[in-house]
Every structure is written in C-alpha cells, then in structure tokens.
Amino acid sequence: MNPLIAPSVLAADFANLQKEVEMINGSAADYIHVDIMDGVFVPNISMGLPVVEAINRYANKPLDVHLMIVNPENYLAAFQKAGAAHITVHSEACPHLHRTIQSIKELGCKAGVAVNPHTPIAQLEDIIREVDIVILMSVNPGFGGQKFIENTYKKVHRLAKLIVETGSHAKIEIDGGVSMENARKLFDAGANILVAGNFVFSSENPQETIKKLKNIV
Amino acid sequence: MNPLIAPSVLAADFANLQKEVEMINGSAADYIHVDIMDGVFVPNISMGLPVVEAINRYANKPLDVHLMIVNPENYLAAFQKAGAAHITVHSEACPHLHRTIQSIKELGCKAGVAVNPHTPIAQLEDIIREVDIVILMSVNPGFGGQKFIENTYKKVHRLAKLIVETGSHAKIEIDGGVSMENARKLFDAGANILVAGNFVFSSENPQETIKKLKNIV
Amino acid sequence: MNPLIAPSVLAADFANLQKEVEMINGSAADYIHVDIMDGVFVPNISMGLPVVEAINRYANKPLDVHLMIVNPENYLAAFQKAGAAHITVHSEACPHLHRTIQSIKELGCKAGVAVNPHTPIAQLEDIIREVDIVILMSVNPGFGGQKFIENTYKKVHRLAKLIVETGSHAKIEIDGGVSMENARKLFDAGANILVAGNFVFSSENPQETIKKLKNIV
Amino acid sequence: MNPLIAPSVLAADFANLQKEVEMINGSAADYIHVDIMDGVFVPNISMGLPVVEAINRYANKPLDVHLMIVNPENYLAAFQKAGAAHITVHSEACPHLHRTIQSIKELGCKAGVAVNPHTPIAQLEDIIREVDIVILMSVNPGFGGQKFIENTYKKVHRLAKLIVETGSHAKIEIDGGVSMENARKLFDAGANILVAGNFVFSSENPQETIKKLKNIV
Amino acid sequence: MNPLIAPSVLAADFANLQKEVEMINGSAADYIHVDIMDGVFVPNISMGLPVVEAINRYANKPLDVHLMIVNPENYLAAFQKAGAAHITVHSEACPHLHRTIQSIKELGCKAGVAVNPHTPIAQLEDIIREVDIVILMSVNPGFGGQKFIENTYKKVHRLAKLIVETGSHAKIEIDGGVSMENARKLFDAGANILVAGNFVFSSENPQETIKKLKNIV
Amino acid sequence: MNPLIAPSVLAADFANLQKEVEMINGSAADYIHVDIMDGVFVPNISMGLPVVEAINRYANKPLDVHLMIVNPENYLAAFQKAGAAHITVHSEACPHLHRTIQSIKELGCKAGVAVNPHTPIAQLEDIIREVDIVILMSVNPGFGGQKFIENTYKKVHRLAKLIVETGSHAKIEIDGGVSMENARKLFDAGANILVAGNFVFSSENPQETIKKLKNIV
C-alpha cells in the first residue's frame, strides 16, 4: 500500500481556491487538508467556515479538517455541514476528548485526534480504539513552512505499536515539514497519511510532487 | 459628499477571491471590508491572515479589517503586515482600548473601534478623539445576512453629536443589514461608511449595486 | 396596581421543594424566582437544570429564572425546556447582550437583563426596548440573606425614567434584601416585581408574608 | 467483601429529596453520591451547595461529593461545611492536583481524584498514594443515563495494578452506566465502589436494586 | 490644601528598597504607591506580596497599593496583611465591583477604584459613594515612563463634578506621566493625589522633587 | 561532581537585594534562583521583571528564572532581556511546550521545564532531549517554606533513567523543601541542582549553609 497524501491548502493561493482545489482534484492526492486556526489555541488565525464551504463546492476528495481551536465541540456540527469528511481535534484542547470524538462520529465524520510535538503517545492509550485518525504534529501547529522535528519517527513507531496492541484501526497522519527526504522514512515507520503544504504548493509542478510523494515506496 | 462604500468579502465567493477583489477594484467602492472572526469573541470562525494576504495581493482599495476576536492586540502587527489599511477592534474585547488604538496608529493604520448593538455610545466618550473610525454594529457580529436593527439610527445620531462636541474626526461606519432601504436614512443620520455584504454580492450586478449605494444621496 | 411578588427558592427547604412550591402555588405570589449560580460568574454554586425541572413539575406560577452564570447563551434552550417562563441574564456576563436577549425571546420566554449594584443604568440605553424585565441587584449576587443596598432607590428612579423615555415595556424587578421596610419605597420609586427569599421563607407564615408584600401599597 | 454502593441523587426526585434520602438511609447503600456540575467544566449545571446542605440534613450515610467544576480548590471548604464526607476533584481540572488533594484531607474529608474516559491511568502514578478514592468515569461526565464505556474494565485492571504496586490504599469507584450486567465484572476487575443513578432510581424498588447490586458477588 | 504626593516604587532601585523607602520616609510624600502587575490584566509583571512586605517593614507612610491584576478579590486579604493601607482595584477587572470594594473596607483598608484612560467616568456613578479613592489612569497601565494623556484633565473635571453631586468623599488620584508641567493643572482641575514615578526617582534630588510637587500650588 | 546550588531569592530580604545578591556572589552557589509567580498559575504573586533587572545588576552568577505563570511565551524575551540565563516554564502551563522551549533557546538561554508534584515523568518523554533543565517540584509551587514531598525521590530516579535512555543532557533540579537531610539523598538519586530558599536565608550563616549543601557528597 502507498501512503495517502493530503495537500494542505494553508500553502495554496487563497485568491484562487477553486483553481487550487481543481488541481488537487486532478492529482493523485487522497484528501484535502484544511487547517483551521483560531488565534487562541495557536498563535495564528488562518481560515474558517466560509473557506471550508468554498473548498467543498469544488472538491471531489474528502476534506480532512484539522481544528487547531479551543472548545472544538462548539464547532463540530458547523464544520460537518460545511463539508468536512474528517474532523480532527487537539488532545491538548479537549478535557472531554472521548465525548468530542463520539460527537464527531455521530455527525457521520471520521474522527481524529492530533497531538503536539511534546505530547506523549501514551496519552492516547484509552482513546486510540475510538479514533479513525491520529495526527502527529511534526512541527508546532500554527504556521506552514516549518522544519520537521526528528523525534517524530520515534512517535510514529510508538503509535504504530499502540495501534497494533489495542486492535485499533486508526490511521497515522503526519503534519508538518513533510518532504521527499522524510516521507519514505515516515512511511516505513508506520505513517499512513502525509500532509504536505509548502512542499507541494511551492513546487514547480504540484501534481507531479503529489504523485512522487504518493509513489515514495 | 456621498457615503463611502465598503463591500464585505464575508459574502463573496471564497473560491475565487481574486475575481471578487477585481470586481470591487473596478467598482465605485471605497474600501474592502474584511471580517475576521475567531470563534471565541463571536460564535463563528470566518477567515484570517492568509486570506487577508491573498485579498491584498489584488486589491487596489484600502483593506478595512474588522477584528471580531479576543485579545486583538496580539494580532495587530500581523494584520498590518498582511495588508490592512484600517484595523478596527471591538470595545467589548479591549480592557485597554486606548493602548490598542495607539498601537494600531503606531503601525501606520487607521484605527477603529466597533461597538455591539447593545453597547451605549457614551462608552466612547474618552476614546472618540483618538479613533479614525467607529463601527456601529447594526446586527450582532458573527454572521452575514442578518436583519438590520432599527435602534441603530438613534446610535448614529448620538455618535454624530459626540463627534461634533468633542471635535473628533472619526468616521461613522455601519455594519450589518445595510440595503437601499436604510442606506439613505443612515447617511442622513450621520453615517459616513456603509458596509454591505449579501446586499452587494447576492445582487445580480454587484458593481451596479455598489454604485447605487454610493449615489444614494 | 400592586407589586408582583417572586419568592426566591434559594431560601426554601431544598429537601422538600414540592411542598415549598405548593405553598407558593397557594399564595398570592406571581412568579417563582430561581437563582442559578455557577461558581464562576458568582462565588457560589446553587442549583441547576434538574432542580428547575423538579420545581416546574409542581409549579402553577411562571418560573422566573435568573442566570448568574458565564456564557449564559449556552444554556438558554436547556432552561426553557426545563420550564423557565422568564430567563434573565447578567449584562456583565454578556458581550453580545442583544443577541442573547433575542435568543431568549425566540425560545418563547420573557427576556430579562440583570445589572449588578455598581453597574450604571445608562448601560441599558440601547437594550431597554428589547427586554421584558430588568433585574436591579440590590445586593451583590451570590448569596441570600444580604443587606439591601440603599443606592438602589436611585437606580429604580433612573431606570423608570429610561423606560418611559424610550417607550419600553420592561418591568423593574428588585432582587436582594427586600423586606416590608423597603418594599413600599421600592414600589413607589417604580419597581414592579419584588424578589423575596429569606424574608418570606424565614417568616412564620410565608403565605401571609407574601400577601403582605403584595398588598404593601 | 461486597462492593460499596453509592446511589447518585442526580437521578432522584429533586422535588422530594428528604424522601429520597430517607429511602437511601433505609437501604443497603454505603454512600450518597452527589454530582456537582458547573456548566463550565462539564456541559450541564446540576446542583450546588444548598442542595448538598439539604441532603445532609437527612442523610445518615456519608456524602460522596463529586465536583465536576473548574477551580475546585475555591469550593472545598464550602462543600465540607455543607456536609461532604468525600470530595473528589477531576484531574483534568487541577493543574495543582497534589495541593488540591492535600487541602481536601486537611478539611477532614476523604480525598478523591476522578479521571475522564480518555485520561490514562498512568496520569495518577505520582498522586495515587495520596488519594483515598479514584473515580473512573465510565461515561463522559455531565449527564445521567448514558451508556457504559467498555474500555473501563481495562482501566480498572490497570488502576488496581497501580494501587498494589504503589502500596496505595485508594478505593476504585466507577461512575456511569453501572447496572446489574456490568457490576459483577467491574467488581471482579477490582472496583470497590459502584455509583448507580438511573439504574437505582428508575427501578421499581430502589432499595431492592441497591441490595442486589450490593450482593452481586 | 496642597496635593498629596505618592511616589511610585515602580521607578525605584529594587536592589535597595530599604534605602528608597527611607528616602520617601524622610520626604514630604504622603503615601508610597506600589504597582502590582500580574502579566494578565496588564502586559507586564512587576512585583507582588514579598516586595510589599519588605517595603512595609521600613515604611512610615501608608502603602497605596494599586492592583493591576485579574480577580483581585482573591488577593485582598493577602495585600492587607502584607501592609497595604489603601487597596485599589481596576473597574475593568471587577464584574462585582461593589462586593470587591466592600471586601477591601471590611479588611480595614481605604478602598479605591482605578479606571483606564478610555473608561468613562459615568461608569462610577453607582459606586462613587462607596470608594475612598478613584485612580484616573493618565497613561495605559503596565509600564513606567509613559507620556501623560491630555484627555485626563476632562476626566478630572467630570469626576470632581460627580463627587460633588453625589456627596462622595472620594479622593482623585492621578497615575501616569505626572510632572511639574501638569501637576498644577491637575490639582486645579480637582485632583487630590499625584502618583509620581520616574519624575521623582530619576531626578537628581528625589526629596526635593517631591517637595516641589507638594508645593505646586 | 558536587551538586549545583541555586539559592532562591524568594526567601531573601527584598528590602536589600543588592546585599543579598552580593552574599550569593561571594558564596559557593552556582546560580541565583528567581521565582516568578503571577497569581493565576499559582496562588501567589511574588516578583517580576523590575526585580529580576535589579538582581541582575549585581549578580555574578547566572540567573535561574522559574516562571510560575500562565502563557509564559508572552514574557520569554522580557525575562531574557532582564538578565535570565536559564528560563524554566511549567509543563502544566504550556500546551505548546516544544515551541516554548525552542523560543527560550533561540533567545540564547538555557531552557527548562518544571513539573508539579503530581505530574508524571512520562509526560517529558518527547521533550526531554530538547531541554537543558528539568525542575521537579518537591512542594506545590506558590510558597516558600513548605515540607518536602517524599515521593520526589522516585521521580528523580525515573527522570534520571529517562535522561540516560534518551541520551538527553538535561540537568535535574529539585525545588522545594531542600535541606541537609534530603540533599544527599536527592543527589544520590540523580539530582544535579538543588534550589534552597528558607534553608539558606533563615540560617545563621547563609554562605556557610550554601557551602555545606555544595559539599554534601
């Protein structure tokens, strides 16, 4: 099996999202990754519901919505309605993570949990069987274009082990600084989905770059 | 003098902002109004810095950025850098409003304060001489397409009176539910700038609608 | 017209609310006042939804629910469903007071705004026509049995004047330290509804006490 | 040894708590479980200090008070004074959990820590010897009548192991969805105290139901 | 009557507070002003309880403690115990200002309320008779050495008028950018107490500077 | 190698910090420990930037600054500028701990993370290689003079093991209740730095006490 690729529109041309989405539609990408930042959970404000709706009008790949926001439970239904197929919340923002994950699934979406670079995998022990996706942050959330944190490989290994041990079906998604140099190694360590932002959108031929990532194996 | 018109991109096609901005560029509009919502100060998450940057790449009218966010002082420099010409903060979100207004002006932007529908004009007594713009919310902030609150006329009158009495140079901007039906009356009451979202973007000919609003007098 | 009397169950016997409610049912009281405190907006935790539901199962007078809580907008529907006929929120807890008041009315309840002892009446200038009730706190909210604040009379006068000037239909409700000594004076100043807690429930004959308050004029 | 049973008054008739408490007094129950919810830590507001005081006036079993509130340290003394024999706080609400536990013990109460369904047992490693009770939430806190989460058995096993390894004397209490079907299995896994709400109060003969739970072994 | 002078230790040599306090002891100053900043209400962290205690060990003038902190009610008793004679809280930080002021007075301290540069005097209408001191911020709180805001004169006039009209005994204290140039004008406008930081401590002869301020009339 | 000793100025004479710092300068101490408390993360307000600056003017040992504050990322640059050589933040206050640690290092300071008494060592698994210092709290942060928590030895062992296993270079620092009785045992367990407050400053000869602690081995 090849890695699943989720280009992040955070690095796209926001003046022409239809065109960008159509480029992704025509590519080998599997999902469209959308980074929602509220300026409170993370030190940046990126985009919100009307942008997701606009992307959804043209997308023919599932929207992989990553909520970097406080109190995400308040916005789950709105993002589902705006077109999200996956909704991922941060473990650091959810004192009632189990309930939040259930709420996402009751909306008919795939449910994900994201963990920051310093958050141990062991935190997921009692939720791993409930989630469809775990996003391992390989940079600190808030900005595109950051350098990949090398410790991520160890976390992928530990998470893959936890998934096997618990019989979870969760997919491992890596978000931040993904490039041709680390993609293969991440995949080998157990990663299933690779988010790629600048690496795709700053490349000369984004569709070609997506294809190369997809065929890294 | 005619009213100044600020079409709000909250009602625009987010999949094709370049085209929408070019439409505004070619219209009689004076500013481009951008509504930033964080999901904490208001119950909606709209758009953030990368969207403002994208708009700014194509805009030839000043960006009138309306921050419906908590702790706006943390993001003033970022929005200025992203292209804001005006930055307006909410009085309800600013325990240190005077400092926040000074910070906006030190960045070289016009500084505005917005007040919610229930907030009395008298709250502005000691800041009115410092601001370039007062946004009177004529709907509750958070969503486009809401019904105009009739009490707004009284607030325009009171604000216009306060401005004259204090020798302030502040312009009065009305945000929410503006249409041909109330635009003239608002202008007569003392309003200088009219924000128009759905009324412009849902109309058959947005440029024509902007022109009509502009020539309401 | 006589004053309307709203005995506050905060002073009732919580072990036998059915009996207490039946006592009120059989009295001259007009409403049953219910004080909801969350331990965050006020320094006390009193009672919540299951208590309101229980009261409502037996009450034949409208429930006058006073929310001393942060973010009351999150609980409006739940309190309406639990049986509230009136819902009053605190101006100090509502940065979007106009929206909150509209939401209460859309639920089919009478909508009230409460102001703390230090909050000026002028704060209500732009919301007074929207509300059905204004609660003037004549003690600091959080506890029963406190001493009446004498400055309240002035606030009643100012509020009565604002109501007349704006053509509002709002009723003036006084909450805290009400007794036979100040009831008449409050009524004369313009108060319409008197909340009475300990004064009623600690009296020998609560129904008689309610009747006396009612017939104070 | 048989399990200890703690009927939760959240499911009782709040209009007649004296009667409900007397029913528990006359039953085989060991404690009276009281769920305090503030609407901030959990999405429900249940009951507070005056309700605990009322229960305490009639109870002859120790009150097992479960604080589902933010900043519980502010209310420990008040709940002790209102009659709490046990006070349990949530690990997710306590950045200074060790101090909070000490404070409860200094008040002369048994001290408990509760963990949400997703919170790993390993979080308790350095506090387990300090606490008298650990509440494992087997539903998400906030509402009665929810479905038991099956992962709870694993957590009971892990917690029982941690208690043995560290020489702790803590009792394991299970809260949420307890019924005859899972009570035996929970007890076998190592649980000591079973909270039961709807299962007891919705049954035809609550005292009989309590007895059956008690004699599950 | 001459103005009362309160040198602010924020501008003193923190390595030698005993010496600085003794300088003030030997001067014509009336109070020692102490600025407590928590980094949350204001964007600076200055000093706290152990510093106040240290000052108090040597001071023979009353300590005029200005709390620029959130939730000041949590620290009133501690500052009283540390030696505060006056405690002033910010109106912007106190949703229950009346209770907070009462609490200060019950501790045996003079009670003050401070208002930020943008906060209207009318906010004080219902609390003015309860307070001993009103601090008008003539700079934005958080830092020493800022430029005096000219609008302050108007606020002094309005506040002096409110004090007369209500029969309040409150003293007017001015904090920020006070110097020989504005001291006379402030005093003439109605100010009673002048806080002076850098102006005193950066002068060649602080005692002489204090004396000059004192004798400005 | 001997333990490194960091006398905590929280126990010093704040009226004469120059003298206290000079005492430390002339002692065998390695660092000067400075406890910054904001009254929000911990229930005490201690000292802030001007105090650190004052200490730094006289210190010839590196300042070991311990931030017991919320949102420490807002104040890192200010404390570095004020003279901090080490900056330690609390894991319980940092949802983005990895970023915060990077920010400290980019300022040219040694970066530390502190954990409260109840926080497990396993929380540090993915950050341990990034930090220069781990402060294990051996009392609950907020006050000097508290009793040492015996469980700390186990945490030192576990942390020392984690450091070896991960190849981290982090030093282990113990803060709270350190005395001659436990210093040796802590050092043997793997501690590198001992903070000592009252034990040093309340002793008859602080320099001698520091020397004894230093030569405990």
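Every chain is named by a letter (A, B, C, D, E and F) in the order it is written, and numbering of its residues begins at 1.
Everything that follows uses one rule, which is that a residue touches a chain if its C-beta (ideal position, glycine included) is under 8 Å from a C-beta of that chain, and two chains touch if they have at least 3 such contacts.
Labels paired with UniProt names: A, B, C, D, E, F = Ribulose-phosphate 3-epimerase.
Since this is a predicted model, take the numbers as computed values, not measurements.
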Intersection of the contact lists for subunit D and subunit F: A
Option in E-F, C-D or A-D whose residue-number contact pairs overlap D-F by over half: A-D
Copy pair subunit A, subunit F: interface residue numbering same or different (half cut): different
Subunit C and subunit F: spacing of chain centres that average the CA atoms, whole Å: 52
Distance between the centres, which are taken as Cα means, of subunit E and subunit B, whole angstrom: 37
Between subunit B and subunit F, centroid-to-centroid distance (C-alpha), Å: 49
Multi-chain contact residues (two or more partners), subunit D: 43, 122
Overall pattern in which the protein chains touch one another (line/ring/star/complete/other): other
All pairs of touching chains, each written as two labels joined by a dash: A-B, A-D, A-F, B-C, B-E, C-D, C-E, D-F, E-F
Residues of subunit A touching subunit B in the complex: 10, 13-18, 21, 36-40, 43-51, 53-55, 57-58, 69-71, 74-75, 78
Residue ranges of subunit D in contact with subunit F within the complex: 73, 94-99, 101-102, 122-123, 125-127, 129
Contacting residues of subunit E [partner subunit B, same complex]: 41-43, 90, 92-93, 116-120, 122, 140-142, 149, 151, 154-155
